[in-house]
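There are structures below to look over.
Both of the next two complexes hold chain A, though its partner changes from chain B to chain C.
Our next item is the complex of A and B:
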């Protein structure tokens, strides 16, 4: 029997994120009521941070796929571009949504237009939206692929800016929880749940990207079959 | 609103979004697979080179 890697990864990722959610709600320690205006809402963080992490992985795949298409004209590269843009959009929207809800609870406003981290991440998600919707509205061809791959290639510059934003300009978004020096100390229980979440989200989007790459391959095969039927080849 | 309400809204929104995305991807994959199989069976054709655009680019590069 043929092993369906995409489905296996999806199921494993889902199981992992559901265990993360259970541990986040039932097991992870509460934060200090002095440090947060809304301590209960802080538990959003156990999916918010892993989804942002997964979005960065997806943007990296998008960059790699775009580069492979632009420089090598690789069919595999184009499939990576498509899979990366769809995963970037989904994970980016999850991070933005959860961040907005947490912001509304903690800050009293869902968005801060002066915060660099929020705005560069928002721009990255909009870029992914443009790539997904734009590709669906255009006929597939070399020019279309070149255009969208160029956006995927140069748009990646926002990823390192987003990553370092809270280290340089801490305006509203909290500083880094890991690898940010003394201020980023996290209790070991919280760190464990966060790690499980990050691994689970990584497995989940890997499954989604395998499925997306498979769909792109099927669409191309179907197009070729239809061309054959139409007598165009 | 209470903190727990925000927590519920955030997680329910993400679960719903993930569920719809995953359902769409899995059903789209299965539908395409069935359509390809039906077309290939009805025409008695084997598998083709999967990426028509890349094959066109490669052919023009050879010329």
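Our next item is the complex of A and C:
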């Protein structure tokens, strides 16, 4: 019997995310009341940070796929681009949406146009939305692939800017909680739940990649067969 | 020996998912007329458009007058010598008159001429001051064909002419006129490449090419065309044309200004400016919002040129297409002056100037986004404006800077 790796990874990632949510809401230690204006909302962090982490992985895959298509005309690269843009959109929306909810509770506003990380991450998500919706509006072809892959390449410039944004311009967003030197502060229990969330989201992304690449391959095969029936090949 | 005016060297072009032209070679000397014929989808238009630098090449390069103008690495050089181009979808600007359009074609060839005899030969002289949009399909096609022939008609030196289905929609007498012109221009040493199904035009060809084999042909002999052009200097043509397109159609007023004025009106319905005198950032945001809106609507000339693929016709001729750079700057200045009076009741030339720059820069960015999706099959269906929020943060920073002035 053929093992369906994509489905297995998706199911495992999904289960891990559910466990993370449960632990975040029921088990993870609460933070100091003084540290946050809205301490209960802080638990969104266990969803927000792993989804943002997964979004960065997805953006990297999108970049890799775009580069493979633009420079190597690789069909595999295009499949990575498609899967990467879909995963970027899903994870980006999860991170933005959870951030807006948290921001509304903590800062009193869901969005701040002057915060660099908020804006660059929001733009990356909009880029992913543009790539997904735009691609669906166009017939598949080299023109479509070239155009969207070029946007995928240029859009990746925003990834390092987003990553370092809170280290350089700390406006509303807090500084890094992991890997930020002495300012980083996370208890071991909190870190454990966060780690579980990050691993689960990563597995979910991997599952999506496998599934999406397979679907795109089937679509391409179907199109080739249709063209054969139409006598175009 | 005649110069080689067009060379396609190992050109491979992909359209959609298929390779429609593979390792294709073609060479056209002065005094030759090659007719490309073959079934629909065989790649005739692809050869014409690749020769005009409109399609990206997978392999190979295109040379005009032995100078590389386009290659597979994406390099696009403006041809040193003007060439004639008739696209399958006309490439005309419908809001222009025939006279103005043909004058623009002459200007691109750095020449002037009396257009009356040419227009008379195609039965169009009585419509010369009519807008192209008011003409029938056949008449529009004639204008497009004349546009393709003019660069050779105005030049003593050999010029390249590319005609894609020039016969389509033309009546019998116009076909005869077209044949006469092609023969005369060929005899005068110009090189002509035609894609057509119409066998009536085969008499003009020195060779017939079905995209696989090339066959020599004996064309009808003819007297040579006598040059009717006089030299003229036309610098900053694309900027001037952008201004002219805007002035003749008022398209910037219709699209960009209207949106800005609506924004000002909407802001005035929400707040009484005198009641928020102490909120400097908010008021400055209101002052610079109209200039920002002008740009967010996009470059009106670029949108206008998308009709009938006029933008492609321009892109083939020059690398910089007509634009609204001047209008967007001036509009930004005027609307910022207006909004300053409404919201601040004062005047500061520095903020007015920054308003102009905001209008210009925003329009420039939007034009870049508009043009970056030009190759797509359905440019109006793509969600490119999803990326415009990238401009909000810089605009907010400019507002804060203006408050400090």
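Rule of thumb we're sticking to: the second predicted complex is superposed on the first by the 233 of 233 C-alpha atoms of A that agree within 3 Å, B and C clash if a C-alpha of one lies under 4 Å from a C-alpha of the other, contacts with A are read in each partner's own complex, and residues count from 1 in each chain.
Following the convention adopted for this analysis, a contact is a pair of C-beta atoms (placed from the backbone, for glycine too) under 8 Å apart; a residue touches a chain by one contact, two chains touch by 3 or more.
Values in this document were obtained by computation on a predicted structure and should not be read as measured data.
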item	value
First, second, both or neither for A:116, with chain B first and chain C second	second
Which partner, chain B or chain C, touches more chain A residues	B
Partner chain(s) touched by A:150 [first = chain B, second = chain C, both, neither]	second
Touched partner set for A:221, first chain B, second chain C, both or neither	first
Chain B versus chain C as contact partner of A:8, first or second or both or neither	neither
Partner chain in contact with A:142 - chain B first, chain C second, else both or neither	both
Contacts of A:134 with chain B and chain C, given as first, second, both or neither	second
Footprint overlap on chain A, comparing chain B with chain C	140-142, 223, 227
Touching residues on chain A, where the partner in the complex is chain C	113-114, 116, 119, 122-123, 126-127, 129-130, 133-134, 137-144, 146-147, 150-151, 223, 227, 232-233
Parts of chain A lying in touch with chain B, wherever the complex brings them together	6-7, 10, 14, 17, 21, 38-41, 43-44, 47-48, 51, 73-75, 78, 90, 93-94, 97-98, 101-102, 104-105, 140-142, 145, 204, 208, 211-212, 214-215, 217-229
Residue numbers on chain C that touch chain A, as the complex places them	14-18, 41, 56, 58, 372-373, 375-378, 381-384, 386-387, 389-390, 392-393, 396-397
Contact footprint of chain A on chain B as seen in their complex	1-4, 6-7, 9-11, 13-14, 17-18, 21-22, 25-26, 28-29, 32-33, 35-36, 39-40, 43, 45, 47-54, 56-58, 61
